Amino acid sequence: MDHLRDSVPSTISDLFRKKLQMGFGCWSSLLLALPTALTSFPRFSADRLTHDLSWSIRPLKFHDSRILNEENSMKAGYKFVALASVLLALAFGLLHSRSSVSAASAGQVTGTVKLDGIAPHQRGIDMSKDPSCAAAHKDKPVTTENVVTGANGGLANVVVYVSQGLTGNEAPLSQPVQLEQKGCQYFPHVVAVDVGQHMKILNDDQALHNIHPQATKNAAWNKSQMPGGPPLDVTWASEEVPVPVKCNVHPWMQAYIVVVKGPYGVSDDSGSFQLDNLPPGNYTLTAWQETYGTQTQNVTVAAGKPTAVNFTFKAK
Amino acid sequence: MPGKVFAVVVVIVTLAIAYCVIAHVWWMPVDISVHGPNIDRQIEETLFGAGILFIAGQLVLAAFSFLYGDSKGTRKMKSFPGGAKPLIIFACVVVGIEILVLSFVGSKAWGSVYFTPPDPSSVRIDVQAGQFAFYFRYPGPDGKFGPLHPELISEGTQNFFGLDTDHDPDSKDDIVTAQLAIPVNKPVLLTLHSKDMGHSFDVRELRVQQDFVPGIVIPIHFTATQTGRFEIVCTQLCGLGHYNMKAYIQVLSQPDYDNWLKQQAAMQ
Amino acid sequence: MHDMTAHAAAHHAPPQGFIRKYVFSVDHKVIGIQYTTLGLVSAFIGMALSWAMRIHLAWPAASIPFLGTLSPNGAPGGVPTPEYYLSLMTMHGTIMAFFLLTAAPMAGYGNFMLPIHVGAADMAFPRLNMASFWVTFVGFVLACATFFIPDGPPLSGWTAYAPLSAVGPVAGPGQGWGQNLWGLSIALFCVASLLGALNFIVTTIDLRTKGMTLSRLPLATWAWFINAWVSLLAFAVLLPTCLLLVLDRLGGTSFFIPGGLVVNDKVLPHSGGSPLLFQHLFWFFGHPEVYIIILPAFGIVAHVMPTFTRKPLVGGWKVITYAMAAIGGLSFVVWGHHMFVSGMSPYMAMVFSVPTLIITIPSVIAVLVFAFSLYGANMRFSTPMLFCLGFISLFISGGIGGFFLAQPAVDSYLHATSFVVGHFHFTMGLSAVFAAFAGFYYWFPKMWGRMMNETLGKIHFWLSFVLVYCVFMTLHLMGLTGSVRRYSQFVADFMVPLTPTNKFITIAALLLGATQFIFLFNVIWSRFKGPKAADNPWHATTLEWDTTSPPPFDNFGGRQMTVYHGPMEYDGDAFVMQTSTEKSIAGT
Amino acid sequence: MSESELTMATGHEVLMEASPYHIEKKKLGMWVFIVSDACTFATFLFGYGYMRVGSQNWGTPFEFSSILNGIIMTFVLLSSSLTMLAAVRATQAGQKASANKWLGLTMLLGTVFAILHLREWVKMIGEGWRLFYNPMGGAAQFGACFFSVTGLHLTHVISGVIALGFVARGYNQGRYDESHVETAGLYWHFVDLVWMFVFPLMYLMNAR
């Protein structure tokens, strides 16, 4: 019963506390709105990514809508930044009012992803175009990573996330995720990120890379990072599965950023994954793999103890 | 005084430039193609003819500013004997002749590259240029190139040409590589495709430079006469990675070439 | 006569109020000065950009503080990213080629001098004239604005080759709104140039005063007149080209974008266009543009030199004028030599190669005329004269490169190397700039009524002259190694050994730029502190020296000028003004 | 506008007797403008030709109704040239009334042309033609070429009508004289001339 305590006020004081928090939430939202609107003005924004958030809503019906959208995206951008930041701030405020699940009452989902069948052949990558890249892999040849399997058929790089059942009010995960460019490859090959969660992009190579996510729901951007250049700090405005990332200077480089809402897990080489901090309740879990697409399962998460869920992808 | 100074400066500059050219301070790399010598000869002939005009022009300028620079304005003016007629005649005749020579010889050199049909027995290789790398395709044992499907191009999965190996039998054995290898002393026919922007295929040692034009397939053919490893660079502005868009071309002896192809086939 | 003067004076009261007088003025003199100032500003902006580029090329890791603040995005920590380097390059080309080299010598000096040269009180359409300046200005502002939008300026070069320039942001940073603004800015510049050309032509044909026959036109005016025709036809082609480009970008058309383009593994929704169409249209404008830039330079030199050689040009007004006309005419049939290796039919290459070589004949004639006019002369070495001599030397050096690049076979090796960079900087860049300097030092007294400082002027010349050779001749010769232009770093194996050369060029370029500040100081200082200029400080003959410095609002204080002589009536210290009734001494 | 500016616009005539080379400057200016404008149209048409030659599947969508419409438009525009001629004659003869009549008629015909043309456009857009889309499955360039070329011409016609309006007004108020009307006429005839290129190239060549 105690997982209900949050939703149903048991005492008058409890109810009062909630109202207070609600009110505080709304006020804080308004307070947040103004500065956000000002600081993310495209013309003066130091970081183009914050600006690009303002382009993140773009209807892609006709092939020219991109262009039409560009056409007025300047002023639209300004208006939208204000609007978006108000909404964002409202969301933050509400989150503030609804306290997120405490560790005690949090549920957990663990499991493994397996590949049924033989993994397709992974082609070798020839990096001779850029000697500095090739030098990093003298000893062992590099291959593509579209399907990576580990011990007893475990399938790696599968993102498992909650596609239904969340209230949508959860606060974004606080600790940033990391996408690293090393030896002219992306580490990790698949990286999942919560909406609003910060993402650091680093370049450990002696070569220049340009990071070019081809987002459709989020803003598509393209920015190059010099050897030893400062890390980029990125956030994503809306859910998108997946956002393919390319480096045009090294066309073989490929990563996928999976932007989801709420908890997520990414399977390791043995195929095992884990979703933490999930409030008890009924959910639909979705597993996404770059080659085999998505699978879904319904689960009921109970407080305290982990719930086991397994996915199996059939090899084509 | 300034007239004499100017004359001296101009002479020094002229001699310095002449030295740099004659002493090959900056010069063309070794030539490894059959048609290359024509182009080199053309360049050298032009350097000779134009160089003479250049030196003559600068020296005349220097001489006049030396001689007529510093009079005190007392001397009576002289004007050039015969006025402009000799100048015009000189320009028309001398430059005219130079132009005729250059066009005739030049058209031969140009023709040797572009007006000759490719040898039917040439090694055929497909080139795909894109932001910002070159990729090459060998037809494989069946000697046939499979059709291209732009919508299938996916560099992440190493499908740089958009081949459909599941459905096109010809594509199955096509060998796609990131380096270009060609057999020495055998005519080679490249067909240039560009998947996105304008690019250019430039190998200095081969004296070959040809733009890729998206939407058009451009054939170029040449024969390399020396083995070695050389650089292919992009010389047509194609975006932020332009400066780093390159690949290597290996000119190999026939057996080495065959082995190399086998290796590459294995790597597919 | 008297009442006529009064009458004129009554009708020619200068406008009152600062705005009408100096900002939105219809007075061709003010507009000329506005254009000249715009040119100066562009010159220094463009120079700053080239500095940034050169520093980055020589020391790729060097941090350029100003850049870091200008664009934290394009140059994090002041080190320009490759795309930002290309943006700098694009804007350097655009600002220099359009807003300095096209605007200053023609629209700047021309606006000020042409009506005076022909003895008119103003341009034929003064308000059109004002319009063309302010449209140019808006274009300039738009071009500069690209630095302040998040993605920064476009990176497709001043030639803006499609499809790189046509497919939008997916092609790279700066290809979004940067490229749109660029297209808009150039379109506006075209409109302004067309209006200007129209004005120049009508003024020259229509407003010449009594006795000002075509044979008596000053040669600068001849050049501006011919040039006006060239720009009239050339910009009339660039304008629609820009429009089509913008249509491709914003309207979804596919004039310049072929089908099946795959950028970032996505097939673009365009089909059927041709990148070569863009190249043809652009270069049909682009090559005449080169002559649009150099013809006024010829004119200025032909106008200035006789004043200091104290004798007419060889062959009088005819030879040089016909040469300029021939160059202007031929410039429309040679554009293909920019496209020898760009996928055009190799047979067309020969077709374009021959006229390109032929165009050297009138050019050589012009140069010979300049050089042999020094024969038996009696030179006065004022700064303008020095710059004229410099112009001749530079133009010879640059022109020679034409013999190479005009031949497809040779071009197939030299194309897109720094040889080309050196070549066009010598011809359309530095030659034109030297002529512009000559004109500036020459006309400064007339424009502002004060003399410029000769010593500073001479220092400016000597340093510039030597350093120009250090920078651009080195680039020129370095091109023989095939070192590729438009590279933001020398990473190609064969270009790495060139790094020392590169450093040398950079240092020379920085010094060359620094030298220009001597000029800037000279201008500002002389403008306010320089000695008052006489009406005719150079003992020249043309009409602008026949009035006060600076000229009154109606140019001649209500006098009706009547012309009896050609512009080159010099014989040593003796000279005959065009308006004087004495008999001719130089038989022109 | 200020008195001084007026004199600036006309200063030199006041200042000096007409030079021996004096041509009517407005007319000359118009001729020069026409030269450059011709180049602009030429560029558009060249682009159209390039597209057309370059494409394998160039559709020829116009069936008889459109051609008929085009013929009517041509007739209207040509007759507007005649009325313009009459207007110029009238102004030169100083017959204000008939000049007004003819100018009005010219503007009317110009407007009719524009309306007919816009009707055509609306019809095509209704059929699904876009700058980037060809509902008949042929080359997508057709829409681009058709709308840009005819659009440019239509802009010229409409601005011509407006200009004529201003000239007529000024002429009635006595601010303008016959030379202004003649200059406007020059422009109008040029627009007609261009149509004589546009019509066969854009319509007749694309008839079913």
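Letters A, B, C and D mark the chains as written, and numbering starts fresh at 1 in each.
Operating definition for what follows: a contact is a pair of C-beta atoms (placed from the backbone, for glycine too) under 8 Å apart; a residue touches a chain by one contact, two chains touch by 3 or more.
All of these numbers come straight from a predicted model, not from anything done at the bench.
The central chain of the assembly on a C-alpha centroid basis is C. Centroid distances built from C-alpha atoms place A farthest away from chain D. The largest tally of C-beta contacts between two chains is found for B-C. The distance from the centre of chain C to the centre of chain D, each centre being the mean of the chain's C-alpha atoms, comes to 34 Å.
Taking each chain's centre as the average of its CA atoms, chain A and chain B sit 47 Å apart.
A separation of 57 Å divides the Cα centre of chain A from that of chain D.
Note on chain placement: the centre of chain A and the centre of chain C lie 52 Å apart, centres being C-alpha means. Of all residues in chain A, those touching 2 or more other chains are 63-64, 208, 210, 222, 224, 244, 246, 248, listed in ascending order.
Contacts with at least two other chains are made by residues 130-131, 155-156, 239-241, 244, 246 of chain B.
The multi-chain contact residues of chain C, meaning those touching 2 or more other chains, are 81-83, 172-173, 251-252, 265, 269, 273-274. Note for the complex: chain C touches chain B at residues 81-83, 86, 155-157, 161, 163-164, 167, 171-173, 258-263, 265, 267, 273-276, 309-312, 314-316, 319, 341-343, 346-347, 349-350, 353-354, 357-358, 360-361, 364-365, 367-369, 371-381, 386, 389, 392-393, 396-397, 400, 403-404, 406-410, 412-417, 458, 462, 465-466, 469, 473, 477-482, 484-489, 491-494, 501, 570-573. Listing the residues of chain C that touch chain D in their complex gives 7-8, 11-16, 20, 26-27, 120-122, 124-127, 194, 197-198, 201-202, 205-210, 212, 232-233, 235-237, 239-241, 243-244, 247, 251-255, 269-274, 277, 280-281, 554, 558, 560. Contact residues of chain C toward chain A in the complex are 72-73, 76-77, 79, 81-83, 148-151, 168-170, 172-173, 176-177, 180, 249-252, 264-266, 269. Remark: chain B residues 130-134, 155-158, 160, 177-179, 239-241, 244, 246-248, 267-268 touch chain A in the complex.
Of all the residues in chain B, the ones that touch chain C in their complex are 1-3, 6, 9-10, 13, 17, 20-21, 25-29, 38-39, 42-43, 46-47, 49-51, 53-54, 57-58, 60-61, 64-65, 68-71, 73-80, 83-84, 87-88, 90-92, 95-96, 98-99, 102-103, 106-107, 109-110, 113-115, 130-131, 150-151, 153-156, 162, 195-198, 200, 202, 204, 207-216, 218, 231, 233, 235-244, 246.
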